[in-house]
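Only one structure is covered here, and it is reproduced in the block below.
Going by the order they are written in, the chains are A, B, C and D; count residues from 1 in each one.
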Amino acid sequence: MADKLASVADAVAALVRDGDSLVIGACLEAAIPFAAVHEIIRQGRRGLNAIAPISDAATDMLIGAGCVERVTGAWVGNVSGGLAHNYRRAAEQGLPHPIAIEDHSNFSLAMALMAGANGLPYVPVRSLLGSDILKTNRRLIRADDPFSPGKPVILVPACKPDVAILPVQRSDRDGNCHFWGSLVLVQEAALAAERVILLADEIVDTSVIVSDPNRILFPSFRVSAVCPARAGCHPSSLTGVWRRDTPFFVEYHTRSRDREGFLSWLREWVFDVEGHEAYLDKLGDRLERLRITGWAPPEPVNFAAV
Amino acid sequence: MGYSPREMMIIAASREIRDGEVVFVGMRLPLAAFGVAARTHAPNAIGLFENGLARFAPAVEPFDTMSDPPNIHGAAWATGMVQIMGRLHAGQVDVGFIGGAEVDRHGNVNTSYVGDPARPRVKLPGSGGAADIAATCGRLLVIMDHEPKRLVERVDFVTSPGWLDGGESRSAAGLDRGGVAAIITNLAILRPMGPDHGMGLASIHPGVSRQQAIDATGWPLAVAPDAGETPPPTEAELAALRAIDPEGFWR
Amino acid sequence: MADKLASVADAVAALVRDGDSLVIGACLEAAIPFAAVHEIIRQGRRGLNAIAPISDAATDMLIGAGCVERVTGAWVGNVSGGLAHNYRRAAEQGLPHPIAIEDHSNFSLAMALMAGANGLPYVPVRSLLGSDILKTNRRLIRADDPFSPGKPVILVPACKPDVAILPVQRSDRDGNCHFWGSLVLVQEAALAAERVILLADEIVDTSVIVSDPNRILFPSFRVSAVCPARAGCHPSSLTGVWRRDTPFFVEYHTRSRDREGFLSWLREWVFDVEGHEAYLDKLGDRLERLRITGWAPPEPVNFAAV
Amino acid sequence: MGYSPREMMIIAASREIRDGEVVFVGMRLPLAAFGVAARTHAPNAIGLFENGLARFAPAVEPFDTMSDPPNIHGAAWATGMVQIMGRLHAGQVDVGFIGGAEVDRHGNVNTSYVGDPARPRVKLPGSGGAADIAATCGRLLVIMDHEPKRLVERVDFVTSPGWLDGGESRSAAGLDRGGVAAIITNLAILRPMGPDHGMGLASIHPGVSRQQAIDATGWPLAVAPDAGETPPPTEAELAALRAIDPEGFWR
C-alpha cells in the first residue's frame, strides 16, 4: 500500500495551486482544517475559489489574507461572532481586493457537490424557486421539468473542486480513514475533488480502519496526501477528540473588526508561527483543556465472516 | 412567575410545533423553542439540523454550535447534509424556523445583501439552509426581534421566499407547498391574512399595546378581527425553558 | 415515543395494498425480507410493482405467485441458480399472467431512488447512452445537457415506492434502527418510500441505537411498522447475524424449474406454513447452523459530549 | 505445472489489471482474476463491488455472493450502491469486467433479451451494473466462454455498449470515454482493431489453434499482424489462483 504521509506544509505546497477551487472542510462548524488554512496563507496562494458550505472563520481569514478571488457558498460568517469582517470588507469595499460571490443555499451546494461526486452533469431542484439567489448566481438555470409539463425546476451544475482539505479523526498512511459525528458534506467533497488532503488527528494501522468499513466515508484511492496533524482543526471541534475553542473564535472576530486588527492577528497566529507544531506550542496548555476526556463508545456491532 | 419578552417569544414559537412533527430547527431561539415543545406538549416531535443531525430533544450539556460534540452525542440520526436537507426537499418536514436581518409584509426574508448585491451596503452571511427551509417545509416560522428596520415593507433581496408578492405569486413561482405561517417576535405574532397573504397582527404578547406593534412594523399592519392577547407562559412552559436555559441566557 | 410493533402478518395486512409499488429489500443478495414476501403471497396481494435492485428469488416467488404486474429492475434472477424460472415464464409465456418490465441499470435505479428520497424530480445521467434499455424503458428521456451544448444526457425520473420492506439487525419499538454491512440502496429506499416496514432481527432499547447515531441510516419518523422477525431474511444473509442458506436457494431454483414444481414448493414453504414462527419451526436446526458465531467488533470510536 | 483453459482465462484476465488501478469486479471469473492480480503484479489494485464494497483483495473465507459476510469483513469500504456506482459514473474506475450471454463483433454485450423484447425467446436477468460499467469505466473487459452462439455478429439487444456500430459510433452516442479493451475467452484474447474497432484475434492461448478460435466466433475473425500465443500461466500466477481457489473450482 502506498505511503502518502506528508507535512501540512509539503502537502499544501505540492497540491494547492494558485487559482484552485478549494473545499476547506466540509463539516460546517466542525472539522475545519485551520492548520492548512494557515499554511495556504503563509505560502501566499492567490486567486482561490473558496467553496464553503460553512467554514466559519477559515473563509474569512483566507479572504482577508488576499488568497481568494471567488466565494462559492451558502453561508459565510463567523459562527461565534456574527458577520465576517473580511468578507464584508471585500464585498462592500473591495478590500484587500474585490471578490466574486456565487450564492447558494445549503441544498443547492450539497447537490452541486453530490453531482460532482457522482459524475452527474447537474441536478434539478425545486428549492431556490422564488429566491433572488437566481439573480446573483447566473450559473443556475431555470428550466421546465419534462416529466411535469409546466412545472419549473432549477438546474444546479455539478461542482468538482480541485482540492478538498478534510480533517479526520484517524487515518492510516495510505488514506484509509474514519470520520464520525455529523458528516455534512465530507463524503461528497472527498468523492468530487480532484485531489484530497487529509489532516489526520491520529495515524493508525490499516487494521483499525478496516475493522469498521461502514465508518469509512471515501476510499483511499481518492486521497493524495495524509498529513499527521494533531488538532489541525483547532479552534474548531472534532467529534470524540476536541471541543470547540469558542473564546479563540471570539477573539478572532473582535480583532478582525478592522483591517489593522486582522493583520496583527494574522501576524501573531500565522506569519510569526513557523508551522503547525509551533502553533500547537503557542497554544500550550490551552489545547489540552479542549480535549474531550469523556468516553462514550457505541454499542458494538459484528462484522464476523462466519 | 415573571418572564422576559424573549422568553415569551420562545414559548410562543414552541406552541407552533405540534406533537409528532418533524421540525427543522437551528441554533438559539428555534432550538430553545423546540426544547420547550419537546418538554411540554410535543414529546414526540423530532428536530433536524442542517449539519446532518436529528434529535429527540436538545442536548443537556451546553454547546455553542450545532456541530459541537454535545449535539452529536445521543442524536437520533447523525448523517450528511444531503440526507437532512433531502427530508425538506422531499416534503417530509412539517415545520421550519428561520431568522434573518429583514422580513417583509409577505414574509420574505433577507439574509444576503442590504443594498445592491453588486456593491452591497452590508454583506450578510447568506442563505445557509434558510432558502431551502422557506421553499420546501410545510409551514415556515420566522422568528425575529420586532423593529421597523427589520420588519420592512419589502426586503432588498429575497433570500428565502415567503408569500413573495402575495396572492398566488408563491404557487406561480413553482412552489407547491409551504409558506409563512407566522412571524413570531418579542412583541407579537403575525400571520398571513386573506387571499393576499399579507402578514397581519394575530396576537399581541401580554403587556404590549397594539400601537407599539404597529409602530414597530415597517408596513401598515392590519389587525385580525380575532386578534387577542398571546396567552402568557404557563408554569410548565417556563419551567421547561429554564431547564434548558439554566444560565438565564434568554431572561 | 411511539410503539410501532406489529406482526409481519398485521403489518402486511395494514400497509401493503393491491397495486402498490414495493421495494422488497434493497440490499441485493443480502437482507431480503422473505418473511414478508411469504406473507404477501399468503394474503394474495395482486398488481404489485416489484422494484428490484436485486431481490434474488424473492421477486421470482412473487411473480410466480401471481402478485406482480410490473417489475422495475436492474437484475432479476436467482443468484445461486441462474435465470429465474417464474420471471422467464411470465416474460416469455405470460404465465401465470403477463408482466410489464421496466428495465434499468444499477446506476439508473439507484439514481431513481436517490431522487425519490430527496425530492428531485429526475436525475440526468450519462450511463445508458448507447444502451437498448432506452428502447424498452420509455420513461427515460434523452435530452441535451444545457451546461454542455451538444452533449446528450438521459433523464431518469424519480422513483417513490409506496412501500419499502427492509430487514435490519436491530431496532427499537419506534423504528430507530441500525443496519450495517454493504448498504446498497437501503437508505435511499427508506427515505423515498411512502411507508416503511422493518423486519427487526432483534428489538433493543433506544439507548443502544442512539449510542451510534452514524449507524442509523434513516430516522424513525420514516418507519410505519416494526416487526420483530428473527431470521426474517432467511435464506438470505444478514451481516453479523446470519449466513446465507445457499442450498435452500438451490433447492428453490431446482424445484421452480417447472410451474408444478414451483407450486409444490410454494405449498410446502408458504401456504402450508401459518406464519413466520411456523416457518422457523419448520427450518428447525438448519437455522441455528446458519448463525454467525464469530465475533469481530469494530475498533470503537468516541461520541462523548465533553 | 498443468492448468485448465478456465485457469488460463482467469490469468489472462488478471494481466489486464495494472498495479494501483481501481477495478470494478464482480463475482466468479472477474473476482478470481482480481485475486490473482492482487497477489502477483498488482498488489495496490482495489476492487469495487456493485453492492457497496471495496476490497484490497478477495476474502479468504469461501462465500457464494458478494453480499455474504466474508466479503464484508475487512472490506476497504462498505457503503451504498450510489457511492460505488458513482465512482464509475464520475470516471474514477480504470477497468471493469463484465460477462454475459452474448457479445458481438463490436464488443456490445447482451444480458437482457434473446429475441424480441416484447415477447422474448429467453428473458435474461438484465443489466445489473453491466450497462453502467460498459458506459463509464476506463477500459471494459468482457470475459466469456468462446462459443459461436455467444460470440455473435450482432447481439439481439445491446444491454452494455461496446463500440456500438464501430468507428466513431460510440463517441457519437455521447460516450466520451471507455470502450471494450479485450474479450477474454477460454481460447483467446480479442482486441479492437483499426478505426472500425472490430474485435479481432490478438492472442491465442497455448494449445489452441487459430482455426479453433475462428470457428468458435460468430463473425469473420480478423487476426492481428502481431497475434501470438498468450504466455502460459507462470508458477506464481497459478499459485496465486490456487491459493484463492483451494477447492479447484476453476480447474
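Here is the rule we go by: contacts are C-beta pairs under 8 Å (C-beta built on N, C-alpha and C of every residue); 3 or more make two chains touch, one makes a residue touch a chain.
Fair warning: this is a prediction, and the values are worked out from it, not measured in the lab.
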item: A-D compared against C-D, more contacting pairs; value: C-D
item: Centre-of-Cα separation between subunit D and subunit A, whole angstrom; value: 39
item: Whole-Å gap between the CA centroids of subunit A and subunit B; value: 28
item: Mean-CA-position distance for subunit C and subunit A (Å); value: 36
item: Multi-partner residues of subunit B (at least 2 other chains); value: 53, 63, 69, 72-73, 75, 78-79, 82, 85-86, 88-89, 136
item: Residues of subunit A engaged with two or more neighbouring chains; value: 111, 119-120, 125-126, 151, 153, 180-181, 183, 187, 214, 239-240, 243, 292, 296, 303-306
item: Each pair of chains that touches, named by its two labels; value: A-B, A-C, A-D, B-C, C-D
item: Subunit D-facing residues of subunit C, complex; value: 27-31, 53-54, 73-77, 79-80, 83-84, 87-88, 91-92, 101, 103-108, 110-111, 114, 125-133, 135-136, 151-153, 180-188, 237, 239-240, 243-244, 246, 292, 296
item: Subunit B-touching residues of subunit C, taken from the complex the two chains share; value: 1-2, 116-120, 176, 187, 191-192, 210, 213-214, 216-222, 303-306
item: Subunit A-facing residues of subunit D, complex; value: 20, 22, 43-44, 46, 53-54, 56, 59, 61, 63, 69-70, 72-79, 82-83, 85-92, 136
item: Subunit B to subunit A touching residues, read off their complex; value: 49-53, 63-69, 71-73, 75, 78-82, 85-86, 88-89, 112-113, 117, 119-132, 134-136, 157-161, 164, 170, 173-176
item: Residue ranges of subunit C touching subunit A (in the complex, touch as defined); value: 111, 119-126, 141, 143, 145-148, 151, 153, 155, 157, 169, 178, 180-181, 183, 208, 211-212, 214-215, 239-241, 243, 292-306
